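These are the structures, in structure tokens.
The same chain A turns up in both complexes below, where it pairs with chain B and then with chain C.
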Partner chain A sequence: MSTLHFVALAPFIMAVLIPVFYFKFRKIHTGWFVLPLPLVLFLYLLTYIPAGGDPMNPVLNSVPWVPSLGIDFTVYLDGLSLLFSLLITGIGTLVVLYSIYYIANKNGEPLHNFYVYLLMFMGAMLGVVLSDNLIVLYVFWELTSLASSLLIAYWFHKEKSRYGALKSMLITVTGGFSMLAGFSFLYVLTGSFSIQEIIAAAGTISGEPLFITAMLLILVGAFTKSAQFPFHIWLPDAMEAPTPVSAYLHSATMVKAGLYLVARMTPVFGMLTEWFWILVIFGLTTLLWGSISAVRQTDLKGLLAFSTISQLGLIMSLLGMSSAAMHYGAAGSEALYTTAALAAVFHLINHATFKGSLFMVVGIIDHETGTRDIRKLGGLMTIMPVTFTVSLIGLASMAGLPPFNGFLSKEMFFTASLNVASMDILNLETLGFFIPVAAWTASVFTFLYCMIMFVRTFTGKFKPDNYEKHVHEAPAGLLVSPIILGGLVILFGMFPNLLAYTIIEPTMQSILPGLLNGGEQFYVNIYHWHGINAEIMMTIGVVFAGAAITLNLKKWQQTFFFNRERDPLNAVYDSMLDNLVTGSQIVTRAQMTGRLRDYMVYMSVFISALGLWTFFRYDSFAVDIGAQTPVPVYMYIITAVLLISTLALPFVTHRITNIVLIGVVGFIIALLFVIFRAPDLALTQLLVETVVVVLFLLVYRHLPEIKKESVKGWSHAVNAIVAASVGIFVILAGLSVHAMRTASDITPISDFFIENSYTLAGGKNMVNVILVDFRGLDTLLEVLVLGIAALGVVTLVKHRMKGDEDV
Partner chain B sequence: MRTNFLMLHTITRIVSFIVISFSVYLFFAGHNAPGGGFIGGLMMAGALILLYVSFDLATIKKVLPFDYTFVIGLGLLIAILTGLNSMIFGDAFLTQYFDYYQIPFIGEVELTTALPFDLGIYLVVIAITLLIILTIAEDVS
Partner chain C sequence: MEILMIVTSGVIIAVGVYLLMTRSILRVVFGIVMLAHGAHLLILTLSGLQQGAPPLLTEEAASYADPLPQAVILTAIVISFGITAFLLVLSYRTYKVHQTDDLEELRGNADE
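Right after this comes the complex of A and B.
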């Protein structure tokens, strides 16, 4: 157990304490209690940053969890994990601070729910990026999905929130399952869940057929989480969450978990041609699709959501491009090949800063004006000067304008796409040209939506009638976090090399570990002016094309293209969901007829089929009528009574007689238990019979008259066959058990209990020892089932459906 | 005319206590003789049902003001906590321990962790039986 374990677990511990803080100190906003935690974690994690440009030494610490299955809670901190942990805790601190002013502590706002979910997310996300074990990673991964869904549904009284929560849950958890399958394949191939061990073994397993399948399955997980096309549709609907959540989960951290996984898996799968092309094609498609969809949004958060999707696609495609360096072996460590990795890491940081600040700004606008609709907004420049300045910085950075950090990483993105297009591997000489083309086109749209957000929100005429409240600048508390992030945008823009060897280079080492010998480092130097080259021409082109469209925006908005705000892919999701519901209803209706007889048929058919199959499959049928003990006369009498009362049952037409006959059967069975010296069973049977009598008395008046049911002829035949097969199976099983119990190769399990119940469990009553000790878990689960059944009875009786109500 | 169940009430008062005592005996005897939480619980439920049947629901509700849903949870919790207890010592969930102790005046007594586990079962069985039967009995539709 190291401090790093504690880093991942601390938010969970804090989450447990939140209700106490909330209810004990009702007057103080719960957020103030949460705030120190991410801050302390952030400062602690800062100490891991390598000083003086030395290479970073990864930290590894393992705590066994389920050693027999190879599952250990191993923390592994290298550049990549450190970058993400710093993002999670750093942005987390700012978001918590922002949320204190955003969600007011009044009207019984369930703040404890909010902060418990938020801390649960923080811990889970730290767990994802810190754990080296795939299963632990998976558990935390699903926890982030769960927390995200809970946070989207925080204002659960809104229909749209619930819709968005369900959608994000279904899509990301489905992806998570697929990823788990991929992890299992990796385990099958390498015999280890440890990422570092899998990376070490990657060379030897790359030829296996399961390897590509594993890659595809894991990519589905990463793509659903990082909202890549066509799984991106959950992200715009996730914007129903409170804005601090959108800023934190749905732009800065959680949606980057997929990028993290892809970066983490690059050393494993990076040599595959499929890896490169899938990442590049899906990344660029997402980039284009997201940026094109963003320009038609009228909701500011919707615009930012699609912009996030597009930026995630950008980073995804850069991660794909960075894997190309691996094909060059040691030569791949040259700057020409590693620009993509550098750009990916740098843009990831930049995106977190400018998009985080933009989300917070939009939250402020929403908070102060009561709307996020750009058709209503306008002219806020003079009314909210600070908000305006911060958004201007963020938007300029997002659009890729100097001197902000977005410009630097956008330039690098162009460089990387041009570099990759000129490579002579992976069929790039024929297909590579479209990469810079797509990059450029998407950048135009990116510029365009930044301009739309700027023009429609801040310029134009301010119309006070559009707002329900008096519009004014936000309070200082709300502004602190976006100002800090905006300041970082400028800082990283002016002095990008602050990040170079502290965090970017160590991260690149984690993504491309095979290219360097021990102690070597990638060359990282980020600067603005590279002279007149292709990249600067592309940027100028973007600005001109974007500006040209912006100036004619009025005309463009008349077109059909602009008037389809909703993503057409939503129709696919909605119809799939509808079909799932109707399909399940059809299956359920066919199966749950409400007739006890049908259920008995299902169970009986299954039991007898399973039993008969076992006879044939394991050749376990035998008849041996020797070695019989003489049967005393009274046994014949007892058996006769039992038989007669059983056989009489179907012919009785009166309910009371029916009940009495069943009672007779029960008590005779109890008698048999006594004769065969099973006092525990006999006692239980007697007591159950007694209780059942009371039950029958109670339900008697609800029971209908016994009527002869009119059933079809074939139904009779089916019933007869089912009944006969169950009977035959039981008889055959009895005969076989009798015949085989003396077989030498079979040791009855009862021997173990006879020998050990006194010595191991200190009990002379073997039945009880089995119940409470040897098979205690069975008993526990049995009473659990009984408890559920009892609650089911309560539900059925007390909340009975009336008339033709249907679920 | 108000029916007088004097005989029934008098006998029930005596019999139910005998049955309850026997149920407690069965519960403790369980480890070494026939009995145990499950049987003891059923017998206790039987005794309580006898009370409910011979008196009426309202009277017994006053005497036994338990929320049986809560008792189900309590029993399960006791059983699970005994199971977790062994995990503190690094053993598997639900590993039971036992030892023999000399207690003044009583002599050698065997104490097991299976007993609290069985207590959980005992409570759950009583509560389930009564919850089901009372729910159906109170149903007036």
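Right after this comes the complex of A and C.
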């Protein structure tokens, strides 16, 4: 157990203590107790950053969990894990601080719920990024889905919250299942759940047919989590969560788990052509779809949600492009090929900073004005100057304007797309041209929605009548976190090389490990001015095109796609859910008829079919006619009487005849017990049979005559066939058991009882000794069963119901 | 004799299953009773018939019938008696409340 294990487990331990803090210190906001934890974890994780530009040495530490199945809680900290852990704890600290002011400790707000879920998420997410074992990763992965769902439904009295929670749960957990299947395939191929071992074995298994299936299944998991088209529809509905949650889970960390997984799996699957194209195509589609959809949102959080979707698509496509470097072997470590990986990592960091600050700003606007609807907002520039400044920084960065960090990564995105388009592998020479085109088009829309958010919220005329409360600047506590993030946006924009060899290069090593020899490093140097080149022209084009559309916004808003705010793919999800419900009802109604007879038929058919199939499958039917005790003549007579009485039973409707037949069968069974050397059974059977007959007679007094069965003919036939098949199965099974028993010459375990019943239990009647001594507890429980039955009988007879009860 | 008894118990069980699928409550109870009889007979038969003396040490025979299946069957007889008694009273009660012993009429709505 290393300290890193505790890093992942600490939030869970803290979560257990939260109710104590909440109920013991009601006056103090529970968030203050939570705040130190992510801060300490963040500072601790900072110590892992390689000093002085040296390459990072990954840390590996394993604790056995289920060793027999190869499942160990192995923590593995390399550049990629470190980057994510820092994001989780760093943004986590800011979000907790922000939430203290956002969710007020009054009106019985269930703060303990909030922080327990939040800590559960934090621990689970740290577990995902620190775990080297796929099964452990999966467990934590599903825990993040659960925590996310619980947080979305935090205000569960709202219908939309519950809808959003259910939706995110269904989509991400379905993806998680698919991912688990993919992991299992990888285990089948490599015999290991360890990611590092799978990476080492990747070269030898890449030809297997299961390999591509595993890749597809894992990608479904990553795509659902990271809200990639067409699974992105859960993210806008997740915006019902409190804004700190949206800033934390649904923009900075959890939705990036899919990106993490893809980056983690790049060394495994990166050589596949399918990997490159699936990631690039789905990433770019998501990028375009998200940015176009964001433009038509009227809810600020909805706009940011679609913006997040599109940015996730951007990073996803960059991760796909970065896998192209692997096709060049050692030459792939040149900057021409690694720009995509660099851009992916850098943009991931930048997105966390500017999107985190923007979500918090939107939260502030919502908090202070009571609305997030851009049709009502306007002119907040002078009313909320600090909020406005932070938004401006975040929006400029998101739009890709200098000197902010978003500009740098967007330039790199263009560079990477141009580089990839000029490659001569993977059919890129014919199809590659569309990558920069899509990148540029999406950037125009990105610029556009940034402009819309800016123009509609902050400029224009301030109309006090639109708001239910008095609008003023937010309190300082609420502003601290977005200001810090906004500060980082500027810091990383001005001095991007702060990150170069501390975070970015180690992360690139994790994504593209095979390209370098030990000790070598990728060349990372990020700077603003590259001279007049294609990228800068593209950026200028984006600004002009975006500005032109913004100026004519009124005209654009008449067009078709502006009029529908909800994503058209929601209809698919909703109808699937509806059909699931109606489909289940149809299936249920088809079999749950409420008829005892039908259930009996199901069970009988199933049992006899299962039994007969087993005989057939294992060829286990056997008959041994030879090994028999001789049959005395009187046995034929007794058996004949028994069979006649039995077979007559279904045909007789006269009640007394029925009871006579039942009695005859019972007493003949008792007689058979005598013949077969079972005196105790015979005695019991005689006694029980007498009582049963008396009972039947008693009940007859109150029950009507048995009517002749009045059902359709074929129903009788079905019953008869089903009953006969059960009988045949019993006979076949009996014959086989008998043959096997005589053939294999087994010694029955009852020799023990014969030898020991007197010495151990002091009784000479072995059956009795077994019942009351060797198996005494069974008999005790049997008595209990009889007692319950007797109680039931008494209740049913004595309890007088009035007749209008729902029985 | 084993094969004869196996076939007999198979027939008893088949009749029991058939009765379970009928409409009258009383016949269903008959079915339960018959199933129990068939099962008891089958278990006893499968342990071997008439091999040695009854399982009483006072007999002082060279070999005894297997006591373990007998103990199991004894338990089963008592339990099936409990079930029969309970079902009988249940059918009595059902008839009192619903004025019918026809399972077809007693079935609930498909929606329930």
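Convention: the second predicted complex is superposed on the first by the 649 of 807 C-alpha atoms of A that agree within 3 Å, B and C clash if a C-alpha of one lies under 4 Å from a C-alpha of the other, contacts with A are read in each partner's own complex, and residues count from 1 in each chain.
Just so we're on the same page, a contact is a pair of C-beta atoms (placed from the backbone, for glycine too) under 8 Å apart; a residue touches a chain by one contact, two chains touch by 3 or more.
Predicted model, so just to flag it, every value in this text is computed and none were measured.
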| task | Based on the superposed arrangement, let me know which partner A:Val40 touches: chain B (first), chain C (second), both, or neither? | result | neither
Key: Which superposed partner A:His738 touches (first chain B, second chain C, both, neither)   = second
On the A-aligned overlay, A:Ala761 touches which partner chain: chain B = first, chain C = second, or both, or neither? first
- Query: If you stack the two complexes on chain A, which partner ends up touching A:Leu9: first (chain B), second (chain C), both, or neither?
  - Reply: neither
Is A:Ile71 touching anything from chain B or chain C once the two structures are fitted on A? First, second, both or neither. neither
In this superposition, the partner of chain A with more touched residues, chain B or chain C, is C
Point to revise | Which superposed partner A:Gly776 touches (first chain B, second chain C, both, neither) | key: first
Exercise for the section: Scan A:Val601 for contacts with chain B and chain C and give back first, second, both or neither. Expected result: second
Query: Looking at the overlay, what does A:Val386 touch: chain B (first), chain C (second), both, or neither?
result: neither
- Would you sort A:Ala200 into first (chain B), second (chain C), both or neither based on which partner it touches? neither
Both chain B and chain C touch chain A at residues 679-680, 684, 688, 691, 695, 699, 764-765, 767, 771, 779, 786, 789-790, 793, 797
The chain A residues in contact with chain C across the complex are 589, 592-597, 600-601, 604, 625, 628-631, 635, 639, 642-643, 646-647, 649-650, 655, 658, 662, 665-666, 669, 672-673, 675-681, 684-685, 688, 691-692, 695-696, 699, 702-704, 706-707, 709-711, 719-720, 722-724, 726-728, 730-731, 734-735, 737-738, 741, 748-750, 753-754, 757-758, 764-767, 770-771, 775, 778-779, 782, 785-786, 789-790, 792-793, 796-797, 801, 803, 807
Chain B partner, complex, touching residues on chain A are 679-680, 683-684, 687-688, 690-691, 694-695, 698-699, 761-765, 767-769, 771-773, 776-777, 779-780, 783-784, 786-787, 789-791, 793-794, 797-798, 800
Chain A partner, complex, touching residues on chain B are 26, 30-39, 42-43, 45-46, 49, 53, 69, 72-73, 75-76, 79-80, 83, 93-94, 96, 98-100, 110, 112, 114, 117-118, 120-121, 124-125, 127-129, 131-133, 135-137, 139, 141
As the complex stands, chain C meets chain A at residues 1-15, 17-28, 30, 33-34, 37-38, 40-42, 44-58, 64-71, 73-75, 77-79, 81-86, 88-93, 95-98, 101-104, 107-112
